[in-house]
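Here come two complexes built around chain A, the first alongside chain B, the second alongside chain C.
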Partner chain A sequence: MKTGTLSSDPLRGDGEAAPSWWRERGRRHIDWCTAGFCIMGGLLVGITVLALANMATAELADPVHLFKVAASSEVIGSILLTFGAGASAVLLLILFGTPLAYVLARSRPSRFKGVVESIVDIPLILPHTVAGLLVYLLFMRRGWLGAPLSEVGLAFEDALPGTIVAMLFVASPFYVNTMREGFEKVPVHLENVARTLGAGTFTTFRTVTLPLSLRHMYSGAVLAWGRAIGEFAGVIMIAYYPFIISTLIYYSFTTDGIHTSRSIAFTVILVSFGVFYLLRRMTRYLGRYDDRV
Partner chain B sequence: MTIIEAHNIRKSYGSLEVLHDVDLLVEEGEILGLIGPSGSGKSTLLRLLDLIEPANAGELSVFGIDTVTDRGTWLDLRRRMGMLFQRPVVFNASVYDNVAMGMRYRGAPRDEIERKVKEALEAVGLSRYIKSRALDLSGGEQQRVALSRVLVTDPEILFLDEPTANLDPTSTATIEEIVTRLNREAGTTVLISTHDLAQGQRLAHRVGVMIEGTIAQTGPSREIFREPKSQRIARFVGVQNIVPGRVVAQREGLTVVEAQGKEIFSATSPPADEVEMIVRGEDISLHRRKPGYEEAENLFPATVTAIEPTAPFVNVAVHCECDLVALVTARRAETLGLEIGMEVWVSLQAKAVHLIPQAGR
Partner chain C sequence: MIAFDRVSLALGSFSLDDVSLTIGKGDYYFIVGPSGAGKTVLLEAIAGLHRPDSGRVLLRGTEITALPPEKRKVALVYQDYSLFPNMRVIENVSYGLRVRGMRKEEARAEVAPLLERFGITHLADRYPGTLSGGEQQRVALARAVAVKPDILLLDEPLSALDPVTQEKFIDDLRRLHREDGLTIVQVSHSRREAHLLATRMAVIIDGTLVDEGEANVVLNAPKSREVASFIGVENILDGTVTANDGGLATVAAGGLAFEAVTDAAAGEEVTLCIRADDVVVAVGDRPQSSARNTMAGTVLRIAENGPVAEVRVDAGVELTAVLTRRSVRDLSLVPGTPVTLSVKATAIHVIRSFS
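Up next, the complex of A and B:
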């Protein structure tokens, strides 16, 4: 679909003859390197397009069933729950990850810093089941953190807090690393100017550094959110219930069969695509970048 | 009153030592110029004095308050000082908002901010741009915005870190004028670092020379330029003649120094046996024939060996057993009709020959 819109000329009326580039093509120089890269890249994009098209044709052939599944309270509730849990995880990440990213961006390289950086990256390199197990063991009813927290009434096993914690764990490197990159791009010199004008460390951070890194904060948050709502293995270890969307699809795949699970999946694709498109569109209204000297 | 007092300041970044053994006293109300080659630590020193960064070691008190033991007062002290950097930095906002920054940080009332911002922009001649976006201005104008942004906070000490290094002559003149006026009228203490020797001489009451991370000499600019303490300083302040010699006698209150068989009188008492004669090129006069009346203690014939024009001046190398370089104006060079191989008379006052001990002996 995408390649179709790219090659057609929107200015050309339907009845007009084939454009002249087709005839001029032989005379034009062809850069074989670029052409080769395009073909190879096209194969990659093609797989995604093919998979989507495959599912779309099957689903759109039976819109009644699709609508019935999409409108069911189970699916809607699960989507809202997933998005909400992801958003909570991202909010926690912004609250705790931003200071960490700032410290990492401003500190001089040292062995200690290297260790901290590796720890931040651990969720990236671990298989998700391992990540899930780590979270489960720490937050389960008898876990180091789970035990004291369940005393005060905060249960993680098969509960929403468990979902959020698992999402937080797997999504954290995406947010922290993006945010750190943003902070690193703000010259220390600008902070120094604010400080000579009488701003304290936090005021400088709030009025100079943070506004200049808003875009990174935003894209880091979107990235982390996307990662969080897509998590499956990490979450089911600690919180099989309540059903997040991945669990629901897996559950219906193993019980109701392919038909229902495919409809849920297609609904999720449509919703996610729409939401991410909107989020990306909003980027352009955010943050000021041009005063980085 | 001493407003800044620093002793044995040391600062390093990782394994790179930027400052060592820095001692500095700054009196209230003076303009101190810091001159030195690039990378000699001028900017770092100013940042330490403005309390943006801590030193690794040493004592520093500002406004009579010990800043090493009393870290809690840094923000308060910093708010009594101001700093202007080499690169003009403005934030992506209106000129008004840029200038108001410092006062907003101090929580000043809105009407006072408005009054002072207008005043400060008036002073730098940018009132008409008050609503413009600061980034649309030229480099010189941006630097003037940056200066007025510092001025609204009424600093008691103003640090200028090569403030005019990349500016056009008009903006440079405006900034210099404002700074001198501020010093004269408000009694603001000013520390200005520059590698423009002329600017240092023009503005500063006192000059400090920084060489390789330490202050090598401080004093009135006349003293720095005529009586540098070492060869490195002499080179940096543009002394053309650094001639090694040996003290052979003292006669009529003058020191006689022999350099490659030539005896030259100096008014400096001998600091050592083996000395270095420091003579500024502009102190050496050249004449076509032996002057009939000449006060200079040194008067001898010499041969012109090289002529090198440098803008309004001409460097003339002469040989008279030892080699000397004289700086004469282009017009004078024309009048003398200088050419290579020509015989000239050289006159040089004993006062203009400064002696320092030879390095490494």
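Up next, the complex of A and C:
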């Protein structure tokens, strides 16, 4: 994909000469529009920074307690469980959501397609408790899917599969919509050429369309994973246990008070920030190609 | 080789209506028409990328209407070349062989002579994004030829190239057609390209095939006024036949009387097509000539275009003649110069209103 740095980027810190608009005949020239946008955007970032600073100040004042909580097997296990359940949900999304995204990207506009797109977006617009209730009613022991599946030994209530299925439900629009956008960006002409060169539909998808959509697949998966591991209301309706990190914090808040729950939350923030930073960095190297053709 | 039998297909608001055409083995078949006429859709339909709503597609007499593109032995080159941007040149060119199951090294060895032939061996490890338009064009053509197609489909392949590269590419295409005996179908809106390359051609306007046949016939004897206009006949005049003496008709058009060879009867409305190349310009007293049509006029304007010049003359109706720039100089033509135009009766193509 083409990438570039805006020549008027006022936040450049690479030591290059200031862009022409920034200095004019030795005098500082301020682009009030860009400056205004920076201030407005800064307020948004500022709120997050302020909230983090507030929590960090309190936590770093008692590092022993923070370390004790962070190193507890309950917290480590919960973090690993959350990340693992989220990854499982994303794997299922890749398996089932990728074909759906492709069909949506390549099908012509129709009323039926509009209905399917709306159904895909439902988890976005529903209150999370409603999403959780939908999942619970479908997958509970007497539910339409829960009943037959429990008979073959797959239980969802207060079980890891319940957590995964709730995460899958709330995260699906993030993956499907990102992936669909990626497929839409692959010119149909490329697929047509591949077909005439002898590739069948699936071979064309596998060798041309999918490799050119890898960045979107990755971005969609990261977004969906982030959404999945952050879910609380949707998960708690069907699987209060085993504790994922959000339920553990809630449990800790209601039983041990704010001190411990805040330490868990701070630990989660640090770990999540680190993981997402690494994942974002990796997008720089994945599925890149020069599209000047 | 491949024939369309009354094919119709609708794509959203666009449609192809009742198209019938035949592309023979070894033809260099041109599909021409204005932008948005449906040329590319027709090309894609030949490739099997759109299934007709009605009608049949036949390959050597066998119906292949539902045959998918990967089984038709056609190769398509788009106007934008559509090289796979994530693959190197060598991978692009050998793609067709690889998806047919050929091993990587074997496929590379197979396409090596092609890279050599198209002068792109040195580009083998480059990605398409780093190539010039002409280089991309050659890679796209090599990729298409690598699968040894029965029919090569080209969608306006010259439109994005500079004039020098265009000439080289026209030579490449001519060689592919003549030396390799490849059947080529090319979409174009260029009359010049059709003149240079086509053996047969079809004119498509608004999704309807309005003329089809030998290229020189379509270009020199168009079937309708709109075809004549599209293929660039410079002088098109509507008139009425006033007399016909054994096939030599007199046609009243724009206040002038033209003599032309046609079977049209007196009273019939016709359209006269006169190529600018066929209009002879003379100055001075009325010259002696065997041409049946001579008319006096005044030069309106002269537009020079390379070695030739288009001379627009008001002779009661406005007519265009094409002269060499040297002739313009020798005759001292400038706007306002009185001239005599002459056109042979046999050089006027008559389109009858019912044809």
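Operating definition for what follows: the second predicted complex is superposed on the first by the 261 of 293 C-alpha atoms of A that agree within 3 Å, B and C clash if a C-alpha of one lies under 4 Å from a C-alpha of the other, contacts with A are read in each partner's own complex, and residues count from 1 in each chain.
The working rule: a residue touches a chain if its C-beta (ideal position, glycine included) is under 8 Å from a C-beta of that chain, and two chains touch if they have at least 3 such contacts.
Note that the structure is a prediction, hence the values are computed from the model and not measured.
On the superposed chain A, the positions of chain B and chain C overlap enough to count as a clash.
Partner contacting the larger number of chain A residues, of chain B and chain C: C.
Of the two partner chains, neither chain B nor chain C is touched by A:H259. Of the two partner chains, neither chain B nor chain C is touched by A:R215.
In the superposition on chain A, A:G198 contacts both chain B and chain C. In the superposed model, A:H128 lies in contact with neither chain B nor chain C.
In the three-chain superposition model, chain A touches both chain B and chain C at residues 108, 189-190, 192-200, 203, 207-208, 290-291, 293.
Residue ranges of chain B in contact with chain A, taken from their complex: 14, 47, 50, 52, 75, 78-79, 81-83, 85, 87, 89-92, 101-102, 105-106, 135, 146, 149-150, 153, 159. Against chain A, in their complex, chain C makes its touches with residues 12, 44, 47-49, 68-70, 72, 74-78, 80-86, 95-96, 99-100, 127-131, 136, 143-144, 147, 149, 153. Those residues of chain A that touch chain B in the shared complex are 108, 189-190, 192-200, 203, 207-208, 288, 290-291, 293. Within the complex formed with chain C, the residues of chain A that make contact are 108, 187, 189-190, 192-201, 203, 207-208, 211-212, 287, 289-293.
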